[in-house]
Structures are given as C-alpha cells and as structure tokens.
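Each of the next two complexes has subunit A plus one other chain: subunit B in the first, subunit C in the second.
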Partner chain A sequence: MITFLRRRIVSSAIPLVFVVLGVFVLARLTGDPVNLYLPLSATEEQRAEFAAAHGFDQSILAQLWDYLGQVVRLDFGESLRTGQPAGEMVLTAFPATLQLAAVTMLIAIVGAVLIGSLAAYRPNSLADRVASFLSMTAASIPDFWFAIMGVLVFGVSLDLLPTSGVDGGAEVWVLPIATLLIRPFGVLVQVVRGAMVGALSAPYVKVARSKGASEKRVVFGHALRNATMPALTVAGDLTIGLVNGAVVVETIFGWPGIGKLMIDSILQRDFAVLQAAVLLTAVTIFVLNIVIDICYALIDARVRQPVAA
Partner chain B sequence: MPSSAPPHRRGLVLAAAVLLATSACTVANSEAGDAGAGGDTLRIVLAQEPPTLEPCESSLTGTGMVVRSNITEPLIERDPATGALEPLLSTGWRQTSPTTWTFDIRSGVTFQDGQPFTAEDAAFTIDRAVNSDLMCNVDGYVFDDSPLGLHVDSPAKLTVTTEKPDPILPLRLSFVEMVPRTTDTGAKVREPVGTGPYAIADWQTGVSITLTRNDTYWGDAPAYPRVRYVWRSESSVRAAMIAKGEADMSTGLDPEDATPENSVAYPNNETTALRLDGTQAPLDDIRVRKAIGLAIDRQAVVDVLFDGNAEPAAQLIPDGVVGYNDALKPAPADLDGARQLVREAKDDGAPVDREITLVARNGQFPRVAETAEVLQYSLGQIGLNVKILMTDTAAHLVYQLRPFPRDVGPVALLIMHGNQAGDAGFTTSQYLLSDGPQSYFGTDALDDMITDADQLSGDARQQAFADIFAHQNAEVAQYAYLAHMQGLMGMSPSVHYEPNPATGDELRLAEIRPADGDAR
Partner chain C sequence: MTATVKKEAAAEPAVKRRRHTWWQLLGKDRFAAVAAVVLGLVVLTAVLGPWLIGDRAVRQDLRASLQPPSFDHGFFGLLGTDVLGRSVLARLVEAAGTTLSVAVPAVLCSLVIGSAIGMWAGYHGGWRESLAMRVADVILSFPSLLLAVVVLYVFAPSAANIVLILAFARIPIYLRTARAESAELRTRLFVDAARTFGTKSWPTIYRHLLPIVLPTLLTVATLDFCFVMLSESSLSFLGIGIQPPDVSWGLMVAQGRQYLQTAWWIAVLPGVAIVLTTVSATILAAWARLAGDPAQRWRLTAAKRRRGAVAGVTA
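And now, the complex of A and B:
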C-alpha cells in the first residue's frame, strides 16, 4: 500500500507543479495590470514606478523565481485590488466553497446510488425510463439558467426561499446546492445505472442468487460494490470541478467562495490572489486525487498490487 | 431493534448528518443573522464589492458609492443636479490671487474616532491625496501633475496655492474626502475614519459592509440608523431582491430587469461614442470619420437597444455640464450622404476596404454586444470593412489609454465617458487634446482653444468649451457619438430617493428617507 501511495503521490504532484507554473506564466500573458490600478493620467514615470514596486518590470523567469521563494516562506504576496495579504483572502474564501462542494457531492452520490440502482434493477421499466429521462435532463440543463429560474420561481413568485446571500439558516443553501447538484446528480445517476446494469447481469450475481442471497444483499452487497469503480472515477472528477470553484453559483447567489474570487482576480489582473487561489485548489485537488486513489485501492485489491517487474 | 449497520457505516452516516447540519447553520466566511431585515436598516445591493474604502480612491465607482459623503466628506460638495458648489467642511472660499485660494474650515466637527477636524487635517488630506506618491485615483482624475501648495493659517483657515491659475480649484477639491492627520501616509487604508454621517461598523469580506449612524455627526442626523451593503453581479438577481423585499435599493439594473414598480431611470452623465483612430487609413480621412457619424441611426439604437433610456448625442458631455453646447443637435442617419463621403475618399485614394477593428468591452453598458453589431452593420452599409473585438476591462484599457497598441490597424473604440465633475475641462484634457491620455490625435488649433478655455471662468468658460465641441465636430471629427445614457436604479416603494446625475458614482445616504417620511 505504501508503495502504491508513493507512486500515486509522485504522479499527482507533477501536474500540480505544471498547473502552478502554467498559471503564473499565462496570467502574465493576459496583459499589464498597471492601467487598471493607476489613474488614467498617470505618467510614464509613475507607471514604471508601479511596475517596479510590484516586480512587473522583471522578466517572467525572475518574477517566477521570486514567487517560488515567497511560496517557500508561505508568503503569497499582497492583492493589488484590496491591499490585503493574498493568502489570507484565499483562505477566508475557500471554506465556503468546500462546504458547498462537500454537501453537494454527498447528496449527489447518495441520491445517484439509490436512484441509479433502482433504475438498473429493472431495466426498461417505468422507473428506469423516468430516472433515465430525468437524469439526462438534469445533466443537460445549463446551471446559469437553472439558477436564475430558481431565483425567480422559488425566490420571488412562490416566496419560499431567499433569492441569494448567506444570511439565514438551511434555506440559504437550497438554491445554491440545487443549482450545483443538478448536473453531477444527472451524470452520476446515469453512470451508476449503467454500471449496475452490467454488474447485475454478471455471473457472480447469478451465483449469489443461486446461493439464496437476499435481493438487498445481491444489489448492495455484490453488484454495487463492483459498480462503484466507474462511479467513483466520475464522482472524483465532478468533485474536483466543484472544488475549483462553483463560479456560476457563487456569482449569482453572492456566495463568498473561491470561484468568484478567482474570476475577479483574473478580470482585475490580481496575480497574487490568482496564484494563491490556484495553488490552494491545486493542492486540494492533489489531496483529493490521493484520497480517491486510496478508495480505489480499498475497493479493489488489484489496484494496490505492485506492478510486476 | 439494534441497528444492523456496521460501526464504520454508522460513523459515515453520522459524519454526513453532522456536515449537513453544520452547513445548514452557517456559511463559512459569514456571520449568521446579520441580514438587517428592513425596518431600521437601509439595505442596498451593489453590482460589485468595493475593492477598498480608501477615500483617495473614491473616484472609483465601487469605492465612491459607499465612501463619498457617507463615511468621509469633502470641503465642498457639488450639487449634481445644478452644478452649484455648496459648503460642507469648508464654510466659505475665495480666490485671493490668480494662483491662491483660501478656505474657511467649519468648526465643531469631529472625526468618528473623536479627533477634532481642523485646517491641519484638510492640508494633510490634500497633501496625501494630491502631492504624495500614493498614486491616488482622485489625483489622476481631477488634478494634473503640478503639486499644490498648502498653508495652514489657523485651525479655521487653509490657503491653497497652484503653479498656474486654476479657476476651478474648489470644484477639484470637492473630490478630495477629508481624513484625520493620523491616517497612514505610506499606504492606502482599507477602512477609513471620516467626519461623515455614517461610520464603518463591519466589513465581512465577500459578504457585506455595514455602516452605523455617526451619533457625533455635526450635521442633521440621517434617517436610517444602519445601512447594509451587499453585492450581486447579476442584474436579474438584484431586481429579484427588490421585488422580494430583500433589498431597498439597487444600483445599475439592466433594462430587461427594470419595471416602473421596481426602478427609476435617471441621466447618469455617461456618453457613448466611437473614438476613431485618425492616425490610420482610412480613418485618417475626415470624410470617412464624418461618414461614420452619418451612418449611425442613433434614435433607432436608443429606442430598440436602450429601451428609450438614453438620448441621441452630438457631443461628449450631456446637458448640465459646464461647456455643453446646446446648438449641437444629433444628425439623423443619412446613409446616402455617408456613402457619398466614403466614395469621395476612395476616389482620392483612401483604402476604404481596409479592415477597421471595432473594439468594445463586455459589460460596458447593457446590450453592448448588440450595439457593436448594429454599428458594424451600419458601417458595412456605407462600404467600410469592420470586424468586432469584444474585450474585458483590462484589455479595453490597452486600447483606451496611451501608449496605444501598435500594429493593430485602424481602430474604432466604443467608449463610455462619464463627466462626473461637471466641467468640460475634465473631458477635453483627456479626450480632445492632441496628447490627451485618451485621445488618438488632435489639431494645434483645438489644443490652443482648450488651453485658453482652461484659464477662464463663468460664462466665458461655458462659451469657450461650447465652441471647442463645435470645432471638434466640424474640423476634427475624432468621435462619432451615440447617446447620452441613463441609469436604472432599483428602488423599493419603501424608500424615498431622487436619483441625480451623480447617483451612479456616489449615493448620499443622508438623502434617502423611508417613504412614510418617518426617521428610524
């Protein structure tokens, strides 16, 4: 297991480094932030002074070297936009995104397993057709449209939920989670259903039934365990997407998360905040990938076998 | 009956339940139960979170909306409706020589932290905002490069000297918000102390800003004890908050979200136009530039794309700004006349089929992309070859400000200019001077007219700038005008407020009252 983990850590760390370096370079190719932060009539001298004060007058390689030196000291620089420490801004925003992603994926996985299994248990039954239709619809609905409709229907017309914001109890979570949930839920139901249809027709299921195992045990004990791998892969990808920032949801509902922070940082060429946000999400995704790999290994012993020499 | 689930599964279920329950209570990075549910609290929804509340950055819309005349105050306040300068922290001012102004400082004023406000603070503030290396936006917005001389004659008297005669110095100083002399001079501050009717009570980053009434305020107490700002990027969500009663006021609604019940239109001093790069063929031919002006059906754009919330324009400033020329009328679209001009230019060798890039900014104003497409079509109708480039703010600034990008061919830049200062001098220095930061080109004659006009005051100043705009249209034609825009402010029936041309940049809370007329 240790060998397996070490191998996975090394292979996951490489993309992490490339992402961080790539964002650093690409961000600087999007343009000079000086115009955004200085008065319109700033002189050439003032512009040069501003650029020098923030290191923009150096080559990208020199800036990268400085940045890496700062990162080692856990110093992520200062936001051009707000003047606050970039690391502090990112750490303040990230938990709100993590909460949203965790709750959404928990509901999506539990719901998809139940509904996908139910649909697969009797293929082409009414329940299966309804589940397939609804899951495909859910996976296809644009989240932006769904969010605005949710605000207008449930927030304004029916007056059941707040339109947006984070002030209040459970009710403030409903529309953001519903918006965020709809696509992962639709996708996962289809994945679970497909995997379960295959698993339920496998020989070992027939053997289990012939041995007198209960249907509950056949479905959830045998078939579901074997159908978990593809679902876990897809769920992992979807979770990573949410951790990267639920930009649409955070923008529409005023959710103080990292997705909105990243978009604002890109638009305002606030490189320090963007880099800190990308680094934090990249590390989180790195950890998530390791956790998913551990789950693979726990579920399927073949995964953790060392590769034969 | 004992549970049949294994212990690790029960733990998982428990963890999930705890996660849900925890999440259902409070969102990270927020404090529950601070919604300010109406009543004593005025709830305002902005389009964006202010990046900072630094007073010397208050010429930035996001900052000025919260700060100006609310948390901090200037010496002099400009009435946005009439343009008149009114006393605020200065009770009177006079020009004692062409380069010297004296200001009487109001006594009995204290900052929100209890320090008294004196001429010393006024001098400190002006020095910090205008003469320092802080690179304050207000400095670039209303002052030029030359420093101001500041002399404190007494706690109640301040003298300001300029290198050149400046007849509108009081107007410029109306943009400088006063801070105590203890304010940091080496860096901008995020949460300032001021003399205004409200003080900052709480800023939850990403969530809200709450102001509370300043009980030691020197003037009349504002109607609401508490004001809470939140921000939503989507206009439809802001409109929904007004409709549902979650917010009392909202800035900047899009036309499709505005109804007579939830909003009120107001002229916002913004003017849209195409700025034409007259240094590049075929735009270096004045006939082509004038043809572009003739090809635009302004009234149709206003009626169809702006839902009537604008007025066709014939100059860069709207009525009400000093220098407005009321003799200039928007020409109706004349495609035949425009085609004729383009033909003449072509016959004289102008490469009229050379591709012109029409640069516009996403989110610049409602339906900007559709507006760009209409302009592209109109210019195509007269034989010009136009492609559209939509950009974000940062990329648009590259085209907007000197030094302009090279090797991009002829550019028609869709601009929206807001003259919030109320004087054409702030427009001409930026947009019409040959070397203006936002001007492609000019003429010596126009430069001389602008230099002369800047030295004038009163009626002579008004006439001089009016002549400049007429000259620009007849002899230079750097701009093809579109419209004087209107803003749409979301407003609940529960509040009373009359928007003015400055409302898009500053929202004076003291002018807002409950609709029933009672103070809270």
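And now, the complex of A and C:
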C-alpha cells in the first residue's frame, strides 16, 4: 500500500513540475516579460526599473531559482488591478469554486449510479433507451448555452431564480450547479450503464441470485462494486474537466471563484494573478489524483499489490 | 489473369450477402441516419455557404435592427437580425465555416499524431511505451481550458493558435487507444510473420496494425469532434477564442447574451446549431462503435428485424 502510494505520488507530481516550469517558460517566451507585466504606456525608465527590481536582468537560471523560491513561499507578486497580493486573492476565491465542484460531483455520482443501474437492469427497455438518449444529449450540450437558456427561462421569463451572484439561500445554487452538472452527469450515466450491463451478466451475479440474494443486494452489493472501477476512472477525469466548466459557469453567474478570477485576469492582462490561479489549480489536481488513487486501492485489492515488473 | 478477374467477380456476391455495406448498416439505424444527414448538411453549409450569402453576414442595416424571426423580410430575415441589423441566418452560415475550420483540422492533427505515436509505442513496447504513456498522463491531467487560457494569454487568440492547442490537448486520447490496441496486436501471428520476413517497424504498423486499429480510432475521433467543437465555442464565448469580426457559434452566443431579454433569437439559435451538430456526432459515434465491431454488428441488423428499435441509442 505504502509502495503503491509512493509510486503514484511521484508520477502525479510530474505534471505538477511541468506546470510550474511551464508557467515560468511561458512568461518568458514572449521575449521580454517586462512587457507582460507593465502596461503599454510605461516609459523606458519605468521598464528598466521594473526589470531590475524583479531580477529580469539576471541570468535565466538565477531567475528560475528566484521564481521557484517565490512559488514555495506562495509569493506571486501583486495584482495589477487591485494591488493585493496575488496569492491571497486566489486563496480567497478558491473555496467558492471548491464548494461548487464538490456539490456537483456528489450529485453527479449518486444520480448517475442510480439512473445508470436502472438503465442497465433491463438493457434495451424503454427506460434504458430514454436514459441513454438523454445522457448522450446532456454530454453534448455546450454548458455556456445551457446556462444562458436557464437564465432566459427561469431567471427572465418565469422570474423564479436569481441570474447571478451568491447572496441568498439555496436558490442561487440551482442554475450554476445544474450547468456544471449536465456534462459529467451525462458521461457518467453512460459509463455506469456500460459497466453495469457487463457486471450484471457476469457469472458471480448468477451465483448471487441462485443463493437467493435480494435483487437490491445483487445490483448494489455485487454488480455495482465491480462496476465502480471504470466509473471512478471517468469520474476522476471529469472532476479535472470540471475546471473547464467552472470557468464558464463562474463567468456567467458572477460566482466569485477561481475560474472567474482567471478569466478576469486574462482579459485585463493581470499575469501575477493568472499565474497564482493556474498553479493552485495544478496543485488541487495533484491532490485529487492521489485521492482517486487511494479510492482505487480501497475498493480493489488488486491495485494495492505491487506490480511485478 | 482473366481467371483471377472471373474468380473475384464470382466471389463478390457472396461477400455482399455475408456482410452489409456501410450504407445499409446506416439505414438500419434511423437515429444514426438522421445524424449523418444533419452532419452532412452542416459540412455542406460550411463549404458552400460563404459563396451563397455573399457579404450578408457583415452587412449592417441599422433600420432593421433586432428584427424577430419572421417570414416578412425575405430569406435572410427568416431567423431575425442582430443589433446591427445583420442577418442571423447569414451569420450562422458564416460561423459554421469558422467552427468547422477550427474543429476539423484540430481533430485531424491530434488523430494523426496521437495514433502514430500510440501505435509506435504499442508495437515496440518497453521504454517507448512507458515514455508515451507518461507524456499522455501529463497532458491529460491538465484541464484543456486552462492550457488554452495560459497559451492564448501569451500568444494572440487566433484560429490557428486555437487549432494547435486543441490538437495538442487531445493527442493523449488517440495515443492511449492506439497503444492499447497495438500492444494487443503485437503478439498476434500475422504481425510475428511480418516481423520474421524482415518487414521494418513502420511498414508493419502501416500495413498490418493500422487497418485493424483505424475503425476504433475513427469512432474516437467522431466523439472527440464534439469535444473540440464545444471547447472552441467555450473559448470563443469567454472572449479568448475566435475574435470579431470573425464569427463562430460560440461567439454569437456571447454577442447575443446582452440582448437576452429583448432579442432571444440571437443567443438561442447558435446554441441550437451547436447542439444539433454535437448530438449528431455523438449518435454517429455510437453507431460507428456498433458497426465497426464485428462482435456487436448483429445488434444493428437484429434490432431492426425485431421491432425497428433504435440500436444506435442503446450502444
């Protein structure tokens, strides 16, 4: 178990290292990073002063060393827009996104397991075909358009739900979560269904039935446990993809999370904040990958065994 | 010589009776047939559209601003006009071209590069396989939009850059599929035979692996077309994709968003176009998965005979 985890942590850390280095390289790829940080109207003296102050006149290795030191200390400089420390801004915005993502994935997983199992229980039945068609559609709807339709119908025409913001009770959550939910939900229903169809026709299900186990126990006790692995793999990928959705949803609904912060920083060319936000997202994904690996190991004993090379 | 020709001619009807042609298989699944027609129309619109509409996608007419869809304003007023009086229909047609000219090259690039590396890695195994898989893991563990956001920050958001980013982000999908299938084929007798006769690795991959792996890869590509299209629309919607005066469906939704209360059609219609295209691609991919798999193909023919069921949907 420990060996397994250590190996997974090392391999999950590789992308993280790439992101940290990638941000550094990208910031310098455009030639002069001074142009990236300073507004176009800056004078020559200001540019030279800025370059000296931030060490851009030193060698590239010295710059890399400084940069790594800053990353470790969470010191990303100040935002050009607000003058606040970038790291602080990102950490303030982070919980809002985390809440949104956690609630969405919870609903998606529970819902997809129920509906996917129901569809797989009688393949080719009416319920199966309806579930399959709807999940396929849900996975191909552009989320930003779905959000706008939600605003149009429930916010403008029916005036039932608020169209943006986080102030208020449960109703402010409905549209953002529904928007974030459709794609992962549609994909997961299909995956759970496929895995369950396979599992329900396996010999051990026949054995369980002939022992006299109840149908509920057969479906959720025996079949589902074995169908969890493929679903978990996809759920992990979808959670990473949730970052994509979060950017869109937070922009549309004015949700003060890290996705909105990222887009705002891009549109206003605030590199310090963008850099901090990208790195924090990468760290979150790193942690997430390890959590998923631990889940694997808990569910499936085979994963815990060190693989003989 | 003539004998062989005769023999082939004699063999042909037998082959036809045994297996269905692609057209017949498509006809067995009504959903997939409709999806194929929709996709065909979109491609046709994208190719011929610009020639048919002329400059109507950019021609402004402020007197005809924000006209709702109606039959009163001729063909190009059918779907209403936007705030500058430009025909929404003409803009939809123009945008179809932009959207496809981003999605198709991106899918093709990632398909070719990803499959080539994947088959190479799967065929050789060993360190090449580990290296390729590790690189794929690195790319996949990073949200594509985040990558796009960073790259488009540094470089200007242009159609070519978007194609490059999307192609790069989707390479692992093909790489993984191609590697898995080739690794399994590597140990088969016909590959062994080719190797024994001294065939070099690339000819072996091209002649013996590719024909078997290709159907799966094309299915994945059809499904991925959806993803790439949605990514491009999202980027354009967020303002870091296609830039005005060019127009794409995602950008049209963004432009129509501020007129949502007064002129719903500007934002709603491009979304409908996206949904129609992506759902069609998904359905077609599901059908292709069935039709391309000899062990599953009976579902298409049998379902029709039983009750005319939509086999594609139950894939």
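In the analysis below, the second predicted complex is superposed on the first by the 266 of 309 C-alpha atoms of A that agree within 3 Å, B and C clash if a C-alpha of one lies under 4 Å from a C-alpha of the other, contacts with A are read in each partner's own complex, and residues count from 1 in each chain.
Just so we're on the same page, contacts are C-beta pairs under 8 Å (C-beta built on N, C-alpha and C of every residue); 3 or more make two chains touch, one makes a residue touch a chain.
Because the structure is a prediction, the values reported are computed rather than measured.
Student: Is A:Ala170 touching anything from subunit B or subunit C once the two structures are fitted on A? First, second, both or neither.
Tutor: Once the two structures are laid over each other on A, A:Ala170 reaches subunit B alone.
Student: Applying the document's definition of touch, where does A:Thr251 land relative to subunit B and subunit C: first, second, both, or neither?
Tutor: Both partners.
Student: One more residue to check, A:Gly69. First (subunit B), second (subunit C), both or neither?
Tutor: neither
Student: Is A:Ile148 touching the first partner subunit B, the second partner subunit C, both, or neither of them?
Tutor: both
Student: Is A:Gly221 touching the first partner subunit B, the second partner subunit C, both, or neither of them?
Tutor: A:Gly221 contacts neither subunit B nor subunit C.
Student: Can A:Phe18 be said to touch subunit B (first), subunit C (second), both, or neither?
Tutor: The answer is second: A:Phe18 touches subunit C but not subunit B.
Student: Given the touch rule stated above, what does A:Val156 touch, subunit B (first), subunit C (second), both, or neither?
Tutor: both
Student: Does subunit B (first) or subunit C (second) touch A:Leu261, or do both, or does neither?
Tutor: Once the two structures are laid over each other on A, A:Leu261 reaches subunit B alone.
Student: From the superposed pair, tell me which subunit A residues show up as contacts to subunit B and also as contacts to subunit C.
Tutor: Dual-contact residues (subunit A): 30, 36, 148, 151-152, 156, 251, 267, 269.
Student: Spell out the part of subunit A that touches subunit B in their complex, as residue ranges.
Tutor: Residues 30-33, 35-43, 46, 49-50, 81-84, 89, 92-93, 95-96, 98-99, 102-103, 106, 110, 148, 151-152, 155-156, 159, 162-170, 172-173, 251-257, 260-261, 267-269 of subunit A touch subunit B in their complex.
Student: Using the touch definition up top, name the residues of subunit A that touch subunit C in the complex.
Tutor: Answer in residue numbers: 11-12, 14-15, 18-19, 22-23, 26-27, 29-30, 36, 123-124, 128-129, 132-133, 136-137, 139-145, 148-149, 151-152, 156, 237, 240-241, 243-244, 247-248, 251, 262-263, 266-267, 269, 271, 274, 278, 281-282, 285, 289.
Student: Which residues of subunit B touch subunit A in their complex?
Tutor: Within the complex, subunit B contacts subunit A at residues 16, 19-20, 23-25, 27-30, 32-35, 51-52, 133, 135-141, 144-145, 187-188, 190, 204-207, 230-234, 236-237, 240-241, 243-244, 246, 392-395, 397-398, 400-401, 430, 437-438.
Student: Which subunit C residues qualify as touching subunit A in the complex?
Tutor: For this pair, the touching residues of subunit C are 134, 137-138, 140-146, 149-155, 226, 230-231, 233-234, 237-240, 250, 253-254, 257, 260-261, 264, 267-268, 270-271, 274-275, 278-279, 281-283, 286, 303, 309-310, 313-315.
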